[in-house]
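Listed after this line are the structures, all set down as C-alpha cells.
The two complexes that follow have chain A in common; it is paired with chain B in the first and with chain C in the second.
Let's look at the complex of A and B:
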C-alpha cells in the first residue's frame, strides 16, 4: 500500500479477479510516498516529539515498573491484594484511561485542581494542557500509569525465578539490600529488562488512543507524534499510501531499536557469563 | 387419531408453502428484496432508532440502522464501499459530499419524484450548499444546518453591573477584561477553538465574516492574507488569549460538545458555538446552571455574518433498492407524504437549525424554541448565515484539518498575524 496511489473510492476501476475475489489495481508509484513523507518538515518535527515521548515513556515505565516489582517482591501484609490492584490501570481500555485522566487533570473541573485548591496549595487552576511540552509530558505520565503495571508483572515473574540460594549466599558474604539488588537481582532479570524495553518501545511508538482522547495532536502540533500523523494522513485525509509510508517508518525504528537493545544487553550478558 | 399419507402430507405442505409465498408477495408488493440499510454517525442514536422504528411500523418496511462513531464514520463508509458493501442511505457531511459524488459513491437526486418540490421549500443558501460543485445537481437532502451564534451569561453580567450584552467586539473584550479584573470570572470568554472540524476553523470563518472579510475568493482560493478584517479578527484573538480571558486548555478540547459543556458551569460570560448548543445550556436545568433561559443569544457583533453549513442524507449510487431508499431519504430529510416528521422531531428534541422555513411556522415548534431561545432573533441570525463553496473542492478536508494548528499557533503568539495568515494561504496552495 505504501508503494501505491490508494483511493478506496476508485476501487471500481481496473481490477484483478482471483477466485471470484476482486482485487483493485492501485497505481504503483514506487518510493514517491516515502519521498514525500521525508520532504515534509512536519514528519521530522513529529519524529523528534516521538523520540522524546518514547524515551521518556520507556525510562519511566521501566523504572516505575521495576520499583513496584521490588516492593511487591517483598513480604508484607496485603501483598496479594496489592498485586491484584496493581493490574487495574493496565486492564482498563485506553479510551477509559484518557477520560479518567481528563477528569483528574482538567483545568475547569479536574479533581486534582480541586484538591490542591482546597488544601490551599494553589490559588488558580493549573492548565496541564496549555503548553505543548507540558501536554506531551502529561501523555507520557498517563501512558506510564497505564503500562507500568505490565512491566511490574514481567519483572515480578523474573524475580520469582531467581534461586533463593543466590540471595542466601550473598547474605552470607555480607551483602546488604542494595548490594543484593546490584549483584544478584538485576543481573538475573536482564532478559526480562530486555523484554520490557522492547515491549515498552514498541508500545511507545504505537501509542495513539490517548492522543485521540486527550489532545488530538494539539495544541498546535505540540503533541503530534508519527503515529498520530500517519493516522490523520490515512484516515482523515484519505491518503492511504502516504499514511502507510509514514507508519512503516515506525516499524523500521522499532526493529532498529530492538536490534540495538539486543546488541547491548547480550554483549553484557555474554561478558558476565 | 387420524393418519396422514405421504401424498396428503406433500400436497398439504406444498399448498401451505405456496400460499405463504403468494401471500408474502401480495402483502409486500413495494418491499425491497432485502432490508434497507441506513448508516449515520453517532448523534442521539436512540432518537434515530425511534425514527426508524416508527418508519418500519408505519410503512411496513425493514430498515436496519447503524450508528458509527463520528471520527471514523466517513473512512468506515469508504472502506465498506471498497469492500463492495452497499449501504442504501447514508449520512454525509458537507466536506465529503462532493468527493463521494465524484467517486461514484452517491447519486444525484434531481431525477427522483418530489425532489423539485423539496428544492423549492428549502432556503436558497442551504439548497446551494447541497448542490454539486458545478451547481447542477442536488446531492443530498438536509439532515440539519448549523450556524454560529454568540451566547451570554445574563446573571454574570448583572452581577458585574453590566446592563447590556456586548454589541461590538471591542465592547465584548472590554466587558470580559472587567469581569476578570473584578474577579467575577477567571476566564470570561469561551470561543469554540477546539481541535475538531466543527471547532476552530468554522469559528475562524465566522469571525472573519463578522469583520467583513472573505476567506475564499470566487475560485475558492484562500485569500485571508489580503483581508484586513481577517487580520483584525486574529489580532483580537491574540489579544484575548494573551490577556488570559480564555480557558487555556481550549485547544485540546476534542469537540464542540465538550466545549459547550464548559458553559454549563456558569463560570463564563460569553460563548460562541453552534446555535443548537444553547438548547442544552439554557433548556436543560438537570445539566446546566444557566437553565432555564439564564443564558441568551445576542446578534453576532460586526457585520453579524456567521458561518453556516448543511449536512445531509445521501443515496448510494449502487443501491438496488432505489425507490425504497428515496422514500426513506424523504422521510428523514424531507416531508414524505406531506409529513415533516423527522425534521420536526430534530427541531423539538435537539433544536437543530432547519433549512425548511415553514418548519418555524408550526405552533409546537415555536413554543418549543421559546423555552430556550429568542426564536425571532435566531431567525434573524440565520438570515445572516454565510455559506461557502470551497468545501466542495477535493483539498478542503485536508486544508480544514491542517489549518487548525496554524491558527492555534497564531492565537498563542507563536506566529505573527501576517505570518499566520500567509501560512494559511501557503497551506491551501500546497494542497491544490
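Let's look at the complex of A and C:
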C-alpha cells in the first residue's frame, strides 16, 4: 500500500468486483511516497524527537523497572499484595492512563501543582504541557509509569531463577548487599536486561495512544514522533500512501531490532550448549 | 549487628512505601477525583482528603440525572456494552481456536511447522499501527467497517498469535504420557485433547483468556479508526472524546475513566498469579 496512490475520499475510481466485494485498484506509483516522505523536513525532525523519546523512555523504564524489582525481590510482609499493586499501572487502558495523569499534571486542578503549593515549593502553577520539551518529557514519564511494571515482572522472573546457594555462598564470603548485587544478581539477569531493552525500544517507537490523549503532537510539532506523524498523515489527512510509507520505515527498524535480538540470543544459547 | 538489621529493614520499608505510592497513588487519586466536586479540585490549597463526597459524577455518566453534557455521557453505557461484546467474543474465539492450535503445535510434527510458527511470531512483532491502514481498506471492502464483527476480526488477528504461543508453551509443560494413556483407553485425538488435557490446563487457559480480554477491553487506536459511526465504537474512544471536551468537568471524565479501568484491574488482581506465569514463561524463554 505504501507503493500505491490511495485516495480514500473518492469512492469512484478503478475497481474490481469479486463475489459482490468491490476491490479498489490502486495506481502503482513506485517509490514516490517514500521519496516524498524523505523530502519532508518534518519527517526528519520527528525522527530526531522519536530518537530522544525512545532513548529517554528506555533508560527510565529499565532503571525504574530494575529498581522496583530489586525492592520487590526482598522479603517483607505484604509482598504478595505489592505484586498485585505492581500490575495496576500496566493493566490500565492507555486512555485511562492519560486522563489520570491529566488529573495530576493539569495547570488548574492538577494534584501535583496542589501538592507542590501546599509544601510551599512553588507559588503559582507549573504548566507541564505548555513548553514542547517539557511536554515530551511528561510523555516519557507517563509512558514509563505505565510500562515499567512489565519490565519489573521480567526482572523478578529472572531473579527468582537465581539459585539461593549463590547468595548464601556470597554471604559466607563476606559480600555485602551491593557486592551481591554487582557479582550475583546483575550477571544472572543480564539476558533479561537485554530483553527488556529491546521490548522497551520497540514499545517506545510505537507509542501513540498517550500522544493522542495528552498532547495531539503539540504544542506545534513538539511532541510529534514518527508514529504520530504516520498516524496523522494516514487518518487525519487521509493520505494512506504516504502514511503507510512513514509507518513502514518504522516497521523496518523494529523488525531489524527484533532480528538482531534473536540473532544475539540464539548465538548466546548456542555457545552455552 | 541487631541495629544494622533494623536499619536496613527500615530502609527496605521506606523503599516499599515509595514504590507502593508511585504505583497506586495516581490510580487512587483518579478514584478520589471521581467522587469529588470539580470546585473542590480547583480549590487552593488543595485538600487531598475530599471535603465533600458525591456520587453525582457517576449518576451523570450512567444517565441517572440530567446535565448539560448528557449527550456525551449517554454514549458511555452502550459503548461499555460494545466493549464487553467485542472483548468477550475475541476471548472466546482465542480460547477455542488458539488453544487448539497451541495443542497441535505442542504435540504434532507436520510440514511447515516451524515456518508457520515463526510466521505467527512475525505477526506478533509487526506493529499494530502499521496494519491499521490495511484493516481499514479490507474491512471497508467487506462491508465490516463500523461493525462489532469487524473489530472482532481485527482484534483476533493480533491476539491469536500470542494465545497460540502462550498455550503451546503451556501444553509443553504437560507430559504427553497423559495424552497417550487416553489414546490407549480408546479416546481419539480430539477426545484426548478436550476430555483429558484441557481439564488440567486451567492456569494456561486463564492466563491466555485474561490477557486477551484485558488487551481488547483497553484497546483504543484500532477502535477509534475503524468504528467511527455513533453507537458502534467501544469505551476507550468515547472516553478519549470526552477528554477533549472543554464543557465537561474533569471529575465526570474521571468517573468514566474509573469505570473503564475497574474490569481490567479486577481481572489482573484476581488472576495475577496465572497471568504472570503465562507472560513471563512466554517472553523469558524468548
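Keep in mind that, in the parts below, the second predicted complex is superposed on the first by the 240 of 273 C-alpha atoms of A that agree within 3 Å, B and C clash if a C-alpha of one lies under 4 Å from a C-alpha of the other, contacts with A are read in each partner's own complex, and residues count from 1 in each chain.
Keep this in mind: a contact is a pair of C-beta atoms (placed from the backbone, for glycine too) under 8 Å apart; a residue touches a chain by one contact, two chains touch by 3 or more.
Quick caveat: nothing in here was measured; it's all calculated off a predicted structure.
With chain A as the common reference, the superposed partners chain B and chain C clash. Contacts of A:87 after superposition: chain C is touched, whereas chain B is not reached.
When the shared chain is aligned, chain B and chain C each come close enough to touch A:213. By the document's definition of touching, both partners, chain B and chain C, reach A:109. In the superposition on chain A, A:74 contacts chain C only, with no contact to chain B.
Once the two complexes are overlaid on the shared chain, A:157 sits against chain C while remaining clear of chain B.
In the superposed pair of complexes, A:135 makes contact with chain B only, with no contact to chain C. In the superposed model, A:235 lies in contact with both chain B and chain C. More residues of chain A lie in contact with C than with the other chain of the pair chain B and chain C. Shared-chain residue A:101: touches chain C; no touch with chain B. Legend: residue contacts after superposition of the two complexes on their common chain; A:58 is shown touching neither chain B nor chain C. Only one of the stretches 25-33, 61-69, 133-141 or 421-429 in chain B has C-alpha atoms clashing with chain C after the fit on chain A, and that stretch is 61-69.
Residues 8, 22, 24, 106, 108-109, 212-213, 235 of chain A lie in contact with chain B in one complex and with chain C in the other. Put simply, chain B touches chain A in their complex at residues 71-72, 75, 78-79, 81-82, 84, 99-100, 103-105, 186, 195-196, 247-249, 251-252, 254, 262, 265, 267, 397-398, 401, 404-405, 408-409, 412, 414. Residue ranges on chain C touching chain A, taken from their complex, read 8, 12-13, 15-16, 19-20, 22-24, 26-27, 29-30, 33, 38, 41-42, 44-46, 48, 125-130, 132-134, 136-137, 141-143, 214, 217-221, 224-225, 236-237, 239-240, 243, 250, 253-254, 257-258, 260-261, 264-265, 267-269, 272, 275-276, 279-280, 283-284, 286. Those residues of chain A that touch chain B in the shared complex are 7-12, 22, 24, 106-109, 124-125, 127-130, 135, 212-221, 223-224, 232, 235-239. Taken in their complex, chain A has these residues touching chain C: 1, 6, 8, 21-24, 68, 71-72, 74, 76, 78, 82-96, 98-104, 106, 108-109, 111, 113-115, 117-118, 145, 149, 153-154, 157-158, 177, 192, 195, 199, 202, 205-206, 208-209, 212-213, 227, 230-231, 234-235, 240, 243-244, 247-248, 250-251, 254-255, 258, 262, 265.
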